[in-house]
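Shared between the two complexes below is subunit A, which has subunit B as its partner in the first and subunit C in the second.
Right after this comes the complex of A and B.
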């Protein structure tokens, strides 16, 4: 008798891959932004602001943030799945986590595109 | 017979047991700290976004950011975030190699765990010294 709990739609594999893809994006961005900061050595507000106001930097910073939020969603979802057993509490936490991260995505877009 | 074995595995340990009461090998400590550092960063996302916003919005908000960031308590917090980021980063790269089947045997996995701790702690010390002090 097979007691395996079957879950549908391959979402486990998709998220496992997405967590690694977003990790790769974030690690490339981290090296890239550290290199920029090491070269420009921003010491005052104008230089600091101009780094993120630059089109490509703004675009990649936004991609980094989206990768971070998606990566965090998978990680925090795993955390709730590991430690929170009652389904109602767990699903509530899942929804709150998604709402929070969706809000952060809007927030970072607003910060960057106001520059 | 096999029924009994299935019911006992996997064994779930609570966080306290993982950290303090069982003798965890170094790759295990690396792994649980990977989770701890990830959760720490997640919890600090809102304050970090807020500080980033202040730092790039206007000269006045930048001055406020600079004043806040110069406080010793904030420097301690930043040091913690820098460590969390670097540990998560280095341990994550190690996990990517393990996913690819590189360094999976016991000796190699223990050696790479040592490397992760040495590199992440050394980089944390270097960045804290150059940026925060």
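Right after this comes the complex of A and C.
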């Protein structure tokens, strides 16, 4: 490959919008979950379990986790793009980040649906 | 007339003589008519003519004397001498290659500026007089056209420091929006295509150093937000 500087990948808008949308989901969830905890005041494990075993709470929690991971993907990818210059290293880090976040998504699903 | 000494700590580097840059402590005698930092620099230059910096209009119009003043980018000709804590630490604009002392190589900065095609694109035959706008349409250009390209904003932007070759930077993006906002321009789509890029536009992380330092009080962050809104309006 030659050393010419190439730009013009024609993406970025969707990620920028997604970062805002996922941020909104996370803020709504934070208010929602704090409200639930304030109302129910869980004192033991059984109450904690029953809160998150509830269908809508489970769904919303999973949505929160997915939003968090997508948000983190865009942020961490920006970090690699800013500071890691060799393309091969950057690509490797991108792939590892995606694998890690995909793994986390499966993990949180397993935790939530085990309750 | 009463005179007083002003203490400076100035970044010095002459690539022909110096192995590496160093900071020089030096003072200048100023009198009560010397109101701006540039006045004191002129006194300093009279004392040591090897001190190099750019200057031209001395009234904040040409944008030549941008430098890092006590850690913050600004124009020497607009900075009140009395507002500065001594010793006044002067460094070249951060992130650009130093040619000598406070003089930087602005090639990278202007390359980004040129990349956004900073001129009106209109393929209609020119009218006999000027292309007219309504007062409301003209109003949209306020806060955009006043940029003097001093580079204070772009060289205070961390995203520009890390990717000066790929990120257009606040000054270039402000100029890009100046033509996107212009009702006489016909290249809106091409301009948006040119900017829709993870590096060229989306390196802006809304740090807002640009707004903090602009000597003309402009707001590149808002312009960048408006470009993003236009892209969203086009895509959604």
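Everything below uses one rule, namely that the second predicted complex is superposed on the first by the 105 of 115 C-alpha atoms of A that agree within 3 Å, B and C clash if a C-alpha of one lies under 4 Å from a C-alpha of the other, contacts with A are read in each partner's own complex, and residues count from 1 in each chain.
Throughout what follows, a contact is a pair of C-beta atoms (placed from the backbone, for glycine too) under 8 Å apart; a residue touches a chain by one contact, two chains touch by 3 or more.
The shown structure was predicted, so the numbers you read here are calculated from the model rather than taken from an experiment.
Asks: Tell me which partner A:114 touches in the superposition: subunit B (first), subunit C (second), both or neither.
Replies: Only subunit B is touched by A:114; subunit C is not.
Asks: First (subunit B), second (subunit C), both or neither: which does A:96 touch?
Replies: neither
Asks: After superposition on the shared chain, which partner residues are touched by A:49: those of subunit B (first), subunit C (second), both, or neither?
Replies: Only subunit B is touched by A:49; subunit C is not.
Asks: Who contacts more of subunit A, subunit B or subunit C?
Replies: B
Asks: Look at A:76 in the shared chain and tell me whether it touches subunit B only, subunit C only, both, or neither; answer first, second, both or neither.
Replies: Only subunit B; A:76 stays clear of subunit C.
Asks: Applying the touch criterion given at the start, work out whether A:36 contacts subunit B, subunit C, both or neither, answering first, second, both or neither.
Replies: Neither: A:36 stays clear of subunit B and subunit C.
Asks: Which subunit A residues come up in both lists, the one for subunit B and the one for subunit C?
Replies: On subunit A, the residues that contact subunit B in one structure and subunit C in the other are 82-83.
Asks: Residue numbers of subunit A touching subunit B in their complex, please.
Replies: Checking each residue of subunit A against subunit B gives 3, 20, 23-24, 27, 30, 45, 48-49, 52-53, 68, 72, 75-76, 79, 82-83, 104, 107-108, 111, 114-115.
Asks: Residues of subunit A touching subunit C in their complex?
Replies: Where subunit A meets subunit C, its residues are 5, 7-17, 78, 81-83.
Asks: Mind listing the subunit B positions that touch subunit A in their complex?
Replies: Within the complex, subunit B touches subunit A at residues 6, 12, 15, 35, 38-39, 41-42, 45-46, 49, 52-53, 55-57, 59, 62-63, 89, 92-93, 96, 99.
Asks: For a test of understanding, state which residues of subunit C touch subunit A in their complex under the given definition.
Replies: Where subunit C meets subunit A, its residues are 159, 162-163, 165-166, 193-194, 196-203, 205, 228, 231-232, 235-236.
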